[in-house]
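Per-chain residue numbering starts at 1, and chain names A, B, C and D are given in the order in which the chains are listed.
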Amino acid sequence: MHKKKLKINKFGAILSFVIVLMIIIGIFATPYDPNKMDAASKFSAPSINHIFGCDQFGRDIFSRVLVGGRTTLLVGGCTVLIGAFFGMILGAITGFIGGIVDEILMRINDVVASFPSILLALVFISLLGPNTGNVILALGIAFIPSFARIVRSEFIKYKDADFVKSAKLMKVGKIRILFVHIMPNIMPTMLATAAIGFNNAVLAEAGMSYLGIGVMPPDASLGRMMSESQAYLSVAPWCAIFPGLFIVLMILGFSLLSESLNRK
Amino acid sequence: MLEVKNLSINFYDTTPVTKGIENINISICEGETVGIVGESGSGKTLTALSIMGLIEDHVKIDSGEILFNNKNLLQISAKERRKIIGNDISMIFQEPISSLNPLMKVGKQVEESLKLHKNMTKDDRKKEAIKMLELVKLPDANIIYDKYPHELSGGMCQRVMIAAAMICHPKLLIADEPTTALDVTIQKNILKLISEFHETENMGVMFISHDLRVIRYICDKVIVLYKGKVVESGTVEDVFNNPKEEYTKKLVGIKNGKRK
Amino acid sequence: MKYILKKTGFLVITLLVISFITFLAFNIIPGDAALSKLGTEATVDQVNMLREELGLNAPFFSRYLSWLGGFIGGDFGISFSYMIPVKELISGKFMITITMTIMAFVFIILFSIPIAVFTAYKENKIVDRVITFLNQLFMSIPGFFLGILITFIFGLTFKIFMPGAYISMQENIGQYFYYLLFPSVAMAIPKTAMGVKILRSSLIEEKKKRYVRAARSRGNSNLRIYGVYMLKNAVIPVLTFWAMTIADLIANSVIIERVFSIPGIGTLLVSSIANRDFAVVQAIIIIIAVIIIVMNYLVDLLYKIIDPRIDLKN
Amino acid sequence: MKKLNIKKLLVLLLATVVVIALNGCSGDKQTSEVEDSSSSSQNLNEPQMGGSIVVGIPQDIEDSLDPHVAVAAGTSEILFNVYEGLVKPDKDGNLIDAVASEHEIKDAGKKYIFTLREGIKFHDGSLVTVDDIIYSIKNLADVGKMTSVFSNVEKVEAIDDKTVEITLKEADTEFLAFLTSAIVPKDTDVAKNPIGTGPYKYISRNPGENIIMEKFVDYWGDEAYLDKITYKIITDGNVIVTNLKSGSIDLFQRLTTSQSSQVEDICDIYEGTMNLVQALYLNNKVKPFDDVKVRQALCYAVNPQEIMDFISDGKGVEIGSSMFPTFGKYYVPELTKTYDVNIEKAKSLLVEAGYPDGFEFTITVPSNYQPHVDTAQVLVEQFAKIGVTAKIQTVEWASWLSDVYMARDYDSTVIGVDASSLTGRALLERFLSTAGNNFINYNNSTYDEVYSKIRKTSDENEQVELYKELQKILSEDAANVYIQDMANMVALNKKYGGYEFYPLYVLDMSKIYLKK
């Protein structure tokens, strides 16, 4: 058990680290201007100067993958933050206070939950118009229920725990009990959930930008790159495959990490 | 009937390897009740499990042999062993409730051994099982037969376990702290039940407990385990009335002290 | 009984809320069916004429209520873009998507259970670790990327199927299933991996349980221990996941149908949103919601069937 | 190939065919899956009766099948084979008699008289009567959805059971061009069962999947070759190529060059233009586009050829105003020269206009048509050169229609405008300050005057000259940043022949045949 855990941990950590590092470096410098078009290198296959090759505009795919990865990372992160934050509050209220408030909120929760996130996002986007911000918002909302449910059950678990009871006896304020006494105990679960949530968010974002809702061209987005280059799959498979692989590795890295979080 | 000869077992999942039990010798003859005492972690249960062949992969039997009717259980294949356990040797555990499959009617669990070891028709099995449930003094057995574990009390579950263990009329019953999880009044009945079976079936019993009174109550011989080693063994009288080893003295002393 | 009533009540309320929100959304988003139909030849009065014709000029609530009335009466309305009854339009499409969903689900069950049992049995052996890692890998592949890969490898390279082709049931039933197989598999694989993961850990939990040891002490074989004892217990926490999976599969059809250009419900939904074909979108979304909610009830009931300890009242 | 009219185009077309013939057939194995595999491209390319074809269409016909209601270009393209008007266009852009066997125009275009074609039948076998014609014309006037010209109809009456006379409120010499609108049987719901007089009769449609037609044997004109046509809907372009390669579709229009180049081995590639005025349409009302200098600056910055290089391997025809070459007589080729790329000039114009360090604006593009999105992407790059920052906003078609086209709430948009009839008016009327579909808010009194002259005169040559005048105004005034009439690469499986380009958005299936 122990040995295995460490191994996975390492691999996942290294993978995620490398990817994040690449993306961060990408913020400051990419081999080429990701939007620079160059008729000469249209569809040029992977080579030393273009390690991932070029797309239908002769733009360097590697550079675009880095930039696209940044967007994906951003969306994933923000989504989780939104979901976690509101989920936390919702869960805390419902779990800790309980009663009718709980009933109502959880019903609402169920309503949202009984609606697949991707569809929710789809409707939401056609409502607000496509752009990165709205994608984050849409996914964030779609992610709240899952967080809320988990936090809620955790709170219910802890609300009768001895240390909470004693705190109550000591006339500690509700809010204080919530955040000082209970929260810390919930953190590990939250972290694990967040990690999983992040992966789902990344998957969802990729899916949405594949459908062409999300980041606006010419700015790169992994999903959009794939959908746009699917037409050229037989001539220039690299256009679709490298962005795809990047996503896979990204998710793999983080999920392996979250694994180890889970186990603790 | 059962001969455990200088058996040594170690745990290999940790580094360094931790000792389980060391050079233990036990022998049980027909109709004999042997008690094994010792504090938790002294290797009582481990011994029992090794006899049943239920120890996990990372636990290794390094030396010694376990002879049952002069057949070394450590030599034979898992398949052959499965023919023996539950049939000639059976076992009852502590925490009866969790030892029953929550999703299976207790009746089915009682008659399972028959299904595995004897070739009987479904109905015969059911009859037998109900008979057994009556023998363990469960009220209206044929109703209990269709109940699920969570619908029964701890005591009832333990009776069910005993029924399941006895249904093939084993030659040896291993009882691993069968009463510890139960409250005192029920303990008595369960013990009575076991000793009755012991009489009627004239089977050997290996009774594991940390409770001397219980041992005293039903055992002929007793083996005292301490940190995986046999510190003392002999008839109940000898061991309890004039213990030789320090540890035993302490053990008995406390008890006597208590009784005064 | 009380349970059923309660749940049905919830179902109704949920549907009301969802339908209302969708309706509201369609009032806010720019564009309407009339415009989409008329296109660039349109002049203002033409558009108004058509709006009138399509009843788009009526006030919001009266429109919602009239729609609701119709819907309750089993009339899903008319598709603005195709000018045919919505029922007629979507029934066929759902057929396709449901077929895919079922195929995918069967795939998931067929593969995830044996693999999970095997890996749980071989826990921490090399083979287990390898499979577990591959499992993680497959979990990380977005369904549509898998779709692209499948197209590239089996469609373009080995030419064992024709990318982008779809054969309708009427044309050739066998081909129909054959061509839906690839998208189904693309959807199924990541879910299968997830299923393996959950079931495996659940099984490993069961391994430690005392009743397993007791069962062994009766001389049960490994096969019986895993098959009769552990699996049944281990499946319980996985049921919910399976229910969610079905929902996800239907939702993901939106994307996967795009990859394989399958004219299923997902494709229809996207195009209907684009054409502001309200009645169609509304119907699809509600049906999907119903499916999801009903799935959840079925799971509750399954729990009850499998686990005698569960009591539906609470 | 700056200058390109139909004849040149045909020559070019032939050339392509020859070239491809030289490549010989290294046909994909899977082609044989398609029925009638007996034929192969070495054989003499004589037409052969019978056979069937699968035509891929990029968008579903999300539209009514009633020709008087249907508006989408994609729909009329298909219905062209089912319905006919009193007259119909031929491939050279002339109007030939169809339901009517002859027509005459009286009173300088105030009266139109048509003689019903002897024995012409609808698909259901019934004879076409003058009542049907009257019904159709009236209906067109009522629904008025195709175009508003029919509101100009004063009365339609039967002179005898062979002759119909249409009288207009005001003379309109171009009215004939609009009588290509379908003649449908009296009082029948053609939306439900489309019945026309065309060479093919409608059989069935399966939304999102296909539309099926069969040859109409009693057709008045030359009988069509193929017995059965299946229009297969391929919602997104990604899989067109593989479908063509594998022979699951035999014909597809408006391919991108990168797509067509992939299927050359099994398809003949016909190269033409889309008959669309693709431009960066500027909202002339909003700042800074209300300033002609700014608009001109943008024109100087844009290099249509480069755009074509990126999105269509240099194919396509540069245009300089709201007219495309296939409208031979109206087209003014020189206008493409009005603004040759000149970064310096552009910059100085910006300075004059008071934007020394450029400005920022949004290009709104409908997301459903990739070439426009791609064009926009290139434009962004080109404007960057003169310090102007353009941001792309892709929107759903529906949103585009309501926000951009109807509400006119936008900076600029890349779109292709097509012609609904064979008249200059079809493309130029919309830029009248008063026009309901003047979505760029173009407002130029001279333009309006010139146009009103056209309406008055009945001399065709004079009209043509005035239309050219209008184009010049649009060009010099830089009403929009005109780009190109996009390349229309048509792939037709080598087993077939007879594809013809039309100056309108139609696909004439009756000419297509299976080679012997």
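The rule is short, and it goes like this: a contact is a pair of C-beta atoms (placed from the backbone, for glycine too) under 8 Å apart; a residue touches a chain by one contact, two chains touch by 3 or more.
Being a predicted model, the structure only gives us computed values, none of them experimental.
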Weigh B-C against C-D on C-beta contact pairs and write down the one with more.
-> C-D
Compute the distance, rounded to whole Å, between the mean C-alpha positions of chain B and chain C.
-> 51
Rounded Å distance between chain C and chain D, as computed from the means of their C-alpha atoms = 40
Could you please state the distance in Å, as a whole number, between where the Cα atoms of chain A are centred and where those of chain C are centred?
-> 21
Quick one: chain A and chain D, Cα centre-to-centre, how many Å?
-> 44
Per-residue multi-chain contacts in chain B, two or more chains | none
Would you mind listing the residues of chain A that make contact with two or more other chains?
-> 126, 227, 230, 233-234
Spell out, as numbers or ranges, the residues of chain C touching 2 or more other chains.
-> 29, 156, 258, 273-274
So the touching chain pairs work out to A-C, A-D, B-C, C-D
Within the complex, chain B is touched by chain C residues 209-211, 213-221, 229, 232-233, 306-309
Which residues, counting only chain B, touch chain C once they are in their complex?
-> 49, 52, 54, 82-87, 90-91, 93, 95, 98-104, 112-113, 116-117, 148, 150-151, 161, 164-165
Can you name the residues of chain A that touch chain D in the complex?
-> 35-37, 39, 42-43, 56-57, 126, 129-130, 212, 216-218, 227-228, 230-235
Chain C touches which residues of chain D in the complex?
-> 30, 60, 62-64, 71-73, 143-148, 191, 206-209, 233-236, 238-240, 242-243, 246, 248, 368, 396-403, 405-407, 415, 417-418, 420, 436-437
Could you pull out which chain D residues touch chain A in their complex?
-> 237-238, 240-242, 245, 256, 258-259, 262, 306, 309-310, 367, 370, 373-374, 376-378, 380-381, 391-396, 399
